[in-house]
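Next up, some structures in C-alpha cells.
Both of the next two complexes hold subunit A, though its partner changes from subunit B to subunit C.
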Partner chain A sequence: MLEWWDGFWAIYSTVIFGIGINAMLALSIYLTLSCGLLSLANAAFMGIGAYTASMISMQTALPFPLALLAGAIMPAIVALIIGIPTLRLSGVYLAMATLGFGEVVRVIVLNMEITGGPMGLNGIPQKTEWWHIVLLLAAILFILARMRRSKTGRAFEAIKEDEIAARLMGVNVGGYKLLAFVMGASIAGIAGGLNAHYTFTIGPGNYAFENAVDILTMAVFGGTSNLIGPLIGSSSLTLLPEFMHSLKDFRLAANGLILILVILYLPKGIWDPARIRNFRKKLTSSSSGKVS
Partner chain B sequence: MSYRLKLLAAATFLAYSTMSQAADIKIGVAEALTGPAAKYGVAIKNGFTLAADQINAKGGVNGNKIQLIAEDEQGKKEEAINVFKKLLFQEKVLMIFGPTLSNSAFAADPIANATKTVVFGTSNTADGITNMGPFTFRNSVMEADVLPVTTRAAVKQFNIKKVAILYGNDDAFTKSGYDVFKSALAEQKIPVTDTETYAKGDVDFKAQLTKIKASNPDAIVCSCLAEEAANIILQTRSLGMKQPFVGGNGFNSPKLFEIAKDAADNTLMGSPWSAENPSAANKSFMADYKAKFGSDPDQFAAQAFDAMHIVAEALKKVSLSGNLEKDRLALRDALPAVKIEGATGKFAFRRAAPKDGKEAGYDAQQDAIVNIAKGGKFVLLK
Partner chain C sequence: MLAQQLINALTLGSVYALFALGFTLVFGVLGVINLSHGAIFMLGSYMALLLVSSFQMSLWMAMLLSMLACGLLGVVVDFLVLRPLRQRNAPHLAPMIATIGVAIMITNISQGIFGAENKRFPFGTIPEESFSLGNLHLTAVQMAIVVIAFILMLVLLQVMRRTQIGRALRAIAESPKAAYLLGINVEGLFFLTSFAAAALGGAAGVLVGLSFNAISPFMGQPMLHKGIAVIILGGMGDIRGAMIGGLFLGFAEVMSVAYISSDFRDAVAFGLLFIILLVRPSGMFGRVLERKA
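After this line comes the complex of A and B, so read on.
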C-alpha cells in the first residue's frame, strides 16, 4: 500500500499541487465576485506574487515563508493603489479596466532587466512542499468561512445583491469593495509564489489574459454562491484534462464541450445549494405524495 | 550428465538468455502535440517515429526494439512536469526526448536530472538549458553558434560596412537572437547604425524602417519570426530600400516566401538544417519522410530524426542489464562520445561550460548552413 502510494505521489504530486494552487486562485476571484466585483486582475496579481517571491528566494538568503509573505503583501499594496480609482467602475467597465491593468503588468515585467525580460526567471529553487499548500489553503478557507458569517461577509452579500440598497443601509460600499479586492490580490499572490517554487520557471506569458480567463472559469464552473463551488470548479477543471488523456487530439475540444454543457444547464455552477435544496424538496414531496 | 544432455542444457540456457535480453527499449517522447506549439511538436514526433521505425525494421539496437512512448505536454510548463513524472516513474522509460519549448524545458528538465535520467532536447535553443545538470543533452544548435557564422558570411557576400538591427523585444526567441547578433557584430567590428524594436502582433513597421533608412546601413539584421520578417521586408522595399536582410532561424519557414515572395531575395539565413543540403543522409531522410507522412519535413523533424539515431548509436555500446538505474547511467556515459553524420550534417557533442558551480550537460557541435533566398526559396550560399 505504502509502495503504491509512493509511486502515485511521485507521478501525480504536481497534479495535486496544481489542484491546491488553482483552488486558491478560484477562491481569490470568488472573494471579489462575492462582493459583486467582476475583476480580471487576479492573474496579474498572481504574477506579481510569483515574481516577488521568486526574486527574493533567488537573490537573497531569506527563508521561504518570508518570500511567500512578501509575495502576499506586494500584490495587496498594488491592489490598494489601483483599487481606489478603478473600483468606482462596475460590471464590464471594471472587467476592462482590470484586464488593462493585467496587460500593463505584463509589459512592465517584459521590459525590466531584473525580471529577466521575455526570458523570465529560470532556476527558481524548488521549495514548495505539499504541506505548505495544504496549510495555506486551510488557513484561507478558514478565514473566508469565518468572514462569510461575519459582519463583513454580510456586507459583501448586501453589496452583491443591491449596491444602492446597501449604501442606503449605511454599508461602507467603497471600503468593503476595496477590502475584497486587496484580499483577493493577496490570495492570488500566495498562489503565484507557491506555483513558482515548484515549476522552477516563470515568464511574463504565464500571467496574461488567458490565465485570467482560466481563473474566472474555474470559479464560475464550480459556482460562486459559497466556498465549496470554487473548490469543486478548480479541482474538476484541473483533473479533467488528466482524465481525458485517452482522447488525445480531441481533449481540448471535449474540455470545451463539458464547459458549455455545464454553463447551459447549470448556469449557477455545479455546486448550487438552492437548486440542490429544491431538488431534495421535490423528491420528498413526490414520495410523500405517493404515500398519502 | 551425458555430453548430449549438457549441450542441450547449454543450448536452452543460451536461447533463454538471448530471449531475455531482446526486450523493448522504452523511450519517452514529451512534445507539444496540441496547443500553439503543436506545429513544432508534431513534426518532432514524426521525426522520432520515422527514425525508430527504420531502426526497428533493421532489427533494432543489438536485437532490442525501440518503443516510443509519446505524451502530449501541450507546450505548458506544469503539463511538461506532469508528463515527465509520468514517463519517469510510471512508464519507467530509459530516457526522455523533449520538451518542445525552452520554457517547458526549464520547468521539466530538473526533474529528469534529479532522477539521473538523460533528457534530450531537439528543439530547445535557449541559453542555459544544458546548465540545468549533467543529464541534459541537446542536438538543437544554439543561435549563439549559428548567427555569428551568418553575419560573417553576409559581410563577405555583400561587402557590408555597417548594419541596422530590428528585433521583437517581447519574445524570448527573438530577444535572445538579438543579444547574440549584437555581440557577434561587436566581435566582428561591424558598427550598428540604428537599433529598432517591435512587439509581437505588430503589422506596421514603417516608423522604425524610416529611421533605419535615414541611418543608411548596408544591410538590415533582423531577429524576427517569419511572418513579421516577411512584412518588414515588404515594407522596406515599399520605402525604396534595397538593403539585403540577415536573419536567424525564425526566417526558416515557407511563410516567409508566401508573404514576401521575390522581395525576400538576397536574404541570408543560417540554419542547422537545409532542404537544399545535397548529402546522401539528408536526401534519403527527406524521401523517407515524404513517403511516410505525405508532406515535406522541416528542420524540427530533421533534428528529431538525427537525435533518435544519435541515441541508437550510443545504445549500441550499452549492454542493457535490466536494472533501470544502471541502464540510465550507462546511456548517459555512452552518449557524449557519439559522432554521426545525419540529415543535419556532421554531429558531435560538446560539453557546456559549468555555471554557478553546477555540472553542465552537452550542447551540439555542428556547422551551421548558410542559405540565401533566390527566386522564392532558400538555396545554399556558395
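After this line comes the complex of A and C, so read on.
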C-alpha cells in the first residue's frame, strides 16, 4: 500500500501541486469576477508574490511562512496603489488597463538586476510541502465561503448584477471593488509564492498575458457563480493535458476550443447550480409523468 | 539623425495604424474587442510567405490573396463565434473571452503546422533598392509600407464618410437595434465589417513580415498588445484615432529607443496606455461612452 502510494506520489505529485496552486489562482480571479470586475492582472500579481517571496527566501534567513506572507502582502499593496485610479474603469476598459499593467510589470521584471532579468531567479529553496498548499487552500476557501454569506458577499453580488442600482442602494461600490481587487491580488500572490518554492526557478515569462488567460480560462470553464466552479475548472484543466498526450503539439488548440465551446454553450461554466437544478426538475417531472 | 528616426517612426507607426484600424473598426461597429485580430495578422504573414515561396507568386498578388483569405477567416470567426453570442445578447465580456480562445487555437495550430522557428521570405522577394537623400536612407520596403498603409487608411476613411455603406455602419455603431428597424441589413454589415477588419489585419501582417523579415507563430501577440494601446490612445472605435494613435505610438517607441533605452521599448506602449486610461479613458478622439458594462 505504502509502496504503491510512493510510486503514485513520485509520478503525480507535480500534477497534484499544480491543481492546488491553480485552484488558488482560479479563486483569485473568481473573487474579482464575483464583484463584476474582469481583471487580467492576476498573473502579474502572482509574479509579484512569487518574486517577493523568492527574493526573501534567497537573500535573508527569514522563515518560509514570513516569506510567503510578504508574497501575499506585496501584491496587495501594489493592487491598492493601482486599484484606486484603475477601478474607475469598467468592462473592457478595465480588462485592457489590467492587461497593460501586467505587461508593464513584465517589462520591469525583465529589466531589473535584482530579479535576474530575463534569466529569472534560479535555485529558490524548495520549501513548499503538500500540506502547505492544502492548508492555505482550505483557509482561502473558508474565508471566501464565509464572505459569500456575509454583507460583503451580498454587496459584491449586487455590484455584479447592477452597479448603478447598487450605488443607489447605498453600497460603497468603489470600496468593495477595491477590496475584491486587493484580496484577489493577495491570493494570487500566495499561489505565486508557493509555486516558486516548489519549482525553484521562475522567470518573467511565467507571468505574462498567456498565464492571465490560463487563469481566466480555468475560472470561466468551471463557472464563477460559486466557489465549486473555480475548483472544478482548475482541477479539470490541470488534469486535461495528462489525458491529451496524443494531441501533443495541438494541446493548446484544444484549450482554445474548450474556451470557445464553454462560452458558447455553457456561459455560466460547467458547474452551474441553476442549470443542474433545472435538469433535476426535468428528470423528476418526466419520471413522475411516467408513473401516473 | 532625427530625420532618419522620423522615417523609421513613420514606417513603424503606419503598420501599427493599419493593424489598429481593423481592430477599432470591429469595436466601433460590433462593440467587441476581438482578441483574435493578432492571430489573423500572423496568418496573413504566413499566407503571403506560402504563396510567394511555394507558388512563385508575385508579392503584390500574394498580398492581395492573403488579405482575401484573412478576410474570409474573419467572417468565419464572426459566423461561428460572435454571431451566436450576439443572438443570445451575451454580456460584454463573453465575446472578448471567446476570441481569446480563437487566438489560442489559431496560434497553436499554426505553430503545429509551420513550426515555432522564424521564417523569412525567400531571397529576392523583397526589393533591395533604397533611396538616399543626403544621409537619409529610405528603403523601397519602407516606402511601400507607408504608401500602402496610407492608401488603405484613406480608402476606409472615405468609405465610412461618403458611401451608403459607411452611413449604415455609422448608424449601426450608434445603435444596432435602431439601424435594424430602419431596414439596414445589420447582420450582413457585421460580416462585411469582420471581413474588412481581418483583411486589414492580414495586410498589416504581410507588411510587417516584409519589413522585419521574420515571421513566427508568436508575432501576433505583441502586435495585439500594441493594437490595444493604439486604439485606447486614439479612442476606441474611432478610425481617425486609430491612425493618429498608431503613428503616435510608432513615434514614441522609436524616439524612446533612440534617445532613452531600448530595454523599455515595450513599456512605452503600456505606460502610455496606462496613463491615457487614467487621465482620459475615452482616448484622444473618443467620445465619452456611456458605461455599458
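The rule we apply is simple: the second predicted complex is superposed on the first by the 274 of 292 C-alpha atoms of A that agree within 3 Å, B and C clash if a C-alpha of one lies under 4 Å from a C-alpha of the other, contacts with A are read in each partner's own complex, and residues count from 1 in each chain.
Just so we're on the same page, contacts are C-beta pairs under 8 Å (C-beta built on N, C-alpha and C of every residue); 3 or more make two chains touch, one makes a residue touch a chain.
Remember, it's a predicted structure, so these values are computed and weren't measured experimentally.
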Exercise for review: Considering only the touch criterion stated at the top, classify A:126 as touching first (subunit B), second (subunit C), both, or neither.
Suggested key: first
Point to revise | Contacts of A:108 with subunit B and subunit C, given as first, second, both or neither | key: second
Practice item. Based on the superposed arrangement, let me know which partner A:90 touches: subunit B (first), subunit C (second), both, or neither? Key: second
Check your understanding: Who touches more of subunit A, subunit B or subunit C?
Key -> C
Exercise for review: Mind working out whether A:118 is in touch with subunit B, subunit C, both or neither, as first, second, both or neither?
Suggested key: first
Review point. In the superposed arrangement, which partner chain does A:200 touch: subunit B (first), subunit C (second), both, or neither?
Key: first
Check your understanding: So, does A:249 touch the first partner subunit B, the second partner subunit C, both, or neither?
Key -> both
Review point. Does the superposition put A:14 against subunit B (first), subunit C (second), both, or neither?
Key: first
Check your understanding: What residues on subunit A does subunit C touch that subunit B touches too?
Key -> 107, 110-111, 249, 251-252
Revision key, fill the gap. Interface with subunit C, subunit A side, in the complex: residues 38, 85-86, 88-93, 95-97, 99-101, 103-104, 107-108, 110-111, 163, 209-210, 213, 216-217, 220, 249-253, 255-260, 263-264, 267
Practice item. Using the touch definition up top, name the residues of subunit C that touch subunit A in the complex. Key: 33, 81, 84-85, 88, 90, 92-94, 96-98, 100-109, 111-112, 221, 225, 228-229, 232, 236, 263-264, 266-267, 269-271, 273-274, 277-278, 281, 291-293
Revision key, fill the gap. The residues of subunit A that touch subunit B in their complex are 7, 10-15, 18, 107, 110-111, 117-120, 122-123, 126, 198-201, 203-206, 241-242, 245, 248-249, 251-252
Review point. In their shared complex, at which residues does subunit B touch subunit A?
Key: 33-35, 72, 77-79, 81-82, 85-86, 88-90, 103, 106-107, 110, 126, 128, 132, 169-172, 175-176
